[in-house]
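Order of writing sets the chain letters: A, B and C. Residues in each chain are counted from 1.
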Amino acid sequence: MDFILIIGALLFSLSSLYFLFTYKGSQKLNVPFLVSFITLISYLVMWQGNFVTLNSNGQELYWTRWIGYMFSCTLLMYTIAKSIKSSQSMLTNKVYLTVLVMFTGVLASISESNFMLMFFAVSTFAYILLIWPIITNKLAYKYINYFIVLGWSVFPVVFILSPEGFNVITQPVSAAIYLALDLFTKIIFYVANSKVDLENKDAELSQ
Amino acid sequence: MDFILIIGALLFSLSSLYFLFTYKGSQKLNVPFLVSFITLISYLVMWQGNFVTLNSNGQELYWTRWIGYMFSCTLLMYTIAKSIKSSQSMLTNKVYLTVLVMFTGVLASISESNFMLMFFAVSTFAYILLIWPIITNKLAYKYINYFIVLGWSVFPVVFILSPEGFNVITQPVSAAIYLALDLFTKIIFYVANSKVDLENKDAELSQ
Amino acid sequence: MDFILIIGALLFSLSSLYFLFTYKGSQKLNVPFLVSFITLISYLVMWQGNFVTLNSNGQELYWTRWIGYMFSCTLLMYTIAKSIKSSQSMLTNKVYLTVLVMFTGVLASISESNFMLMFFAVSTFAYILLIWPIITNKLAYKYINYFIVLGWSVFPVVFILSPEGFNVITQPVSAAIYLALDLFTKIIFYVANSKVDLENKDAELSQ
């Protein structure tokens, strides 16, 4: 288990440095760097294990993961809201919903049986409210929808299969899948995003 | 005790759905829904009881209630600040003060004797700073003042009488009063508010 | 130890009242008052001791101090960002970095040996990113740079010498130094700042 968490910490150290030094536009918010840096801290906390608790079967629960996502996903939402030109109110709405999704994720992680399902249902409900306007927004780039629907929506599936949920897969297997999803949504997403931005600029310039 | 908390969770599930589906204005922040949804989560957490702690008399302390109010009351403040046309700075001020009122409320909940009184005093001081400009604002609608002074100000009175304070009333009695106050300030307030908004629009149209 | 914390609570009670009643400009954010008020609450929490934990040597760890700084330093950053006319994005960036510096400060406080050093390194890295644009900004007033470099940068030095770090100085000695730094950066800074503001206004008027 520690091996996967250390790999995660190393990869997000590297991506933090990469996004910090390749960043252009000193007056803008460096979202990719902050997201990688927050994820690095989240992996260090899970590796350290001070906040790992045990469920009634004696299995380790890594509920701090969802605190990390609370901070990083509000920033991801910021990027997406900017790209689809949401109003300030809609951004505030998305930030509140993201915090509620992740906070009820923490509650589901540390709960068992019916309460786990109840908090999972509340979290999923908030998640649907969060992504609904993004999926149905015609103005949004197709690849962003693709990333969100295929990327983000796998997280709750892994949760429900993991020891925090119905205990179908082990903690190391779920940690490995979470790491793959983190790489996909927090590194590959931004690298792909920056390339599309450049293409858009080329298109604008050639008009 | 659980009975009151389950009733609370059910009522705020219904009000969440009501405010979600009766909402008009897709580019605005749906404050009534978010407030009800946060209150639902708060009641589920109290019902579950994972975070309930015991004081030196062995009485249960529901300090998470004030965390829920921290999130919902910052949104209530947002609505009020908008309705009395506060500046961005005043809104930030109100949000910080609300967080401090509720955070010192948590601290008072888990403290006893002199420290309880000290944190209660600090919380009350911040609360007075928070509502002072609202009470004295001539521009504010009278009914908003009425709601705030009669609604919000009962919460600290219940606190000081409850087992968290001087232990005059029992935990179920205080929970029932808190539930009535929650219904008043988080459901009836918004329903009344939306009707007044309509009346104002009618008044504007007839001019 | 308690003696130092009580002195801190008393001094920040007085400075809260001072900044509250000498404040002019009712539509602006009263940052000096809020910073003093937050610091007062932080000292009360440390005095109460409910959240004080013990390390493996049985020494008391006052990790809540860094939660207080998380709230007060985001406001100090707000003041500085305004004074050097940062954009909204840069302000958001600074607020996130301040939260990360202080949050990893909490993690370093409750960690030992290698994990303490790891979180301390991450915190210092975020701190350097935070102050770098302020130090190198030619537009900033010289005295602000002076305050930040000489004031803020002593905090991590005290940390690394204290029982939370390498245990070179005792907890009461480090608490006394932290108190002196708090007075310097949270009271003297604002009193000096307000005098410079007046001088600038005089200069503007005489032009």
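Convention: contacts are C-beta pairs under 8 Å (C-beta built on N, C-alpha and C of every residue); 3 or more make two chains touch, one makes a residue touch a chain.
Model, not experiment: these values are computed from the prediction.
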| item | value |
| --- | --- |
| Copy pair subunit B, subunit C: interface residue numbering same or different (half cut) | different |
| Superposition rotation for subunit A onto subunit B, Cα-based, multiple of 5° | 120 |
| Cα-centroid distance, subunit B relative to subunit C, in whole angstrom | 30 |
| Where subunit A touches two or more other chains, by residue | none |
| Subunit C residues touching subunit B - in the complex, by the definition given at the top | 20, 26-30, 34, 37-38, 40-41, 44-45, 48, 50, 71, 75 |
| Residue ranges of subunit C in contact with subunit A within the complex | 87, 89-90, 92-93, 96-97, 99-100, 103-104, 107, 110-111, 115, 118-119, 122, 126, 129, 133 |
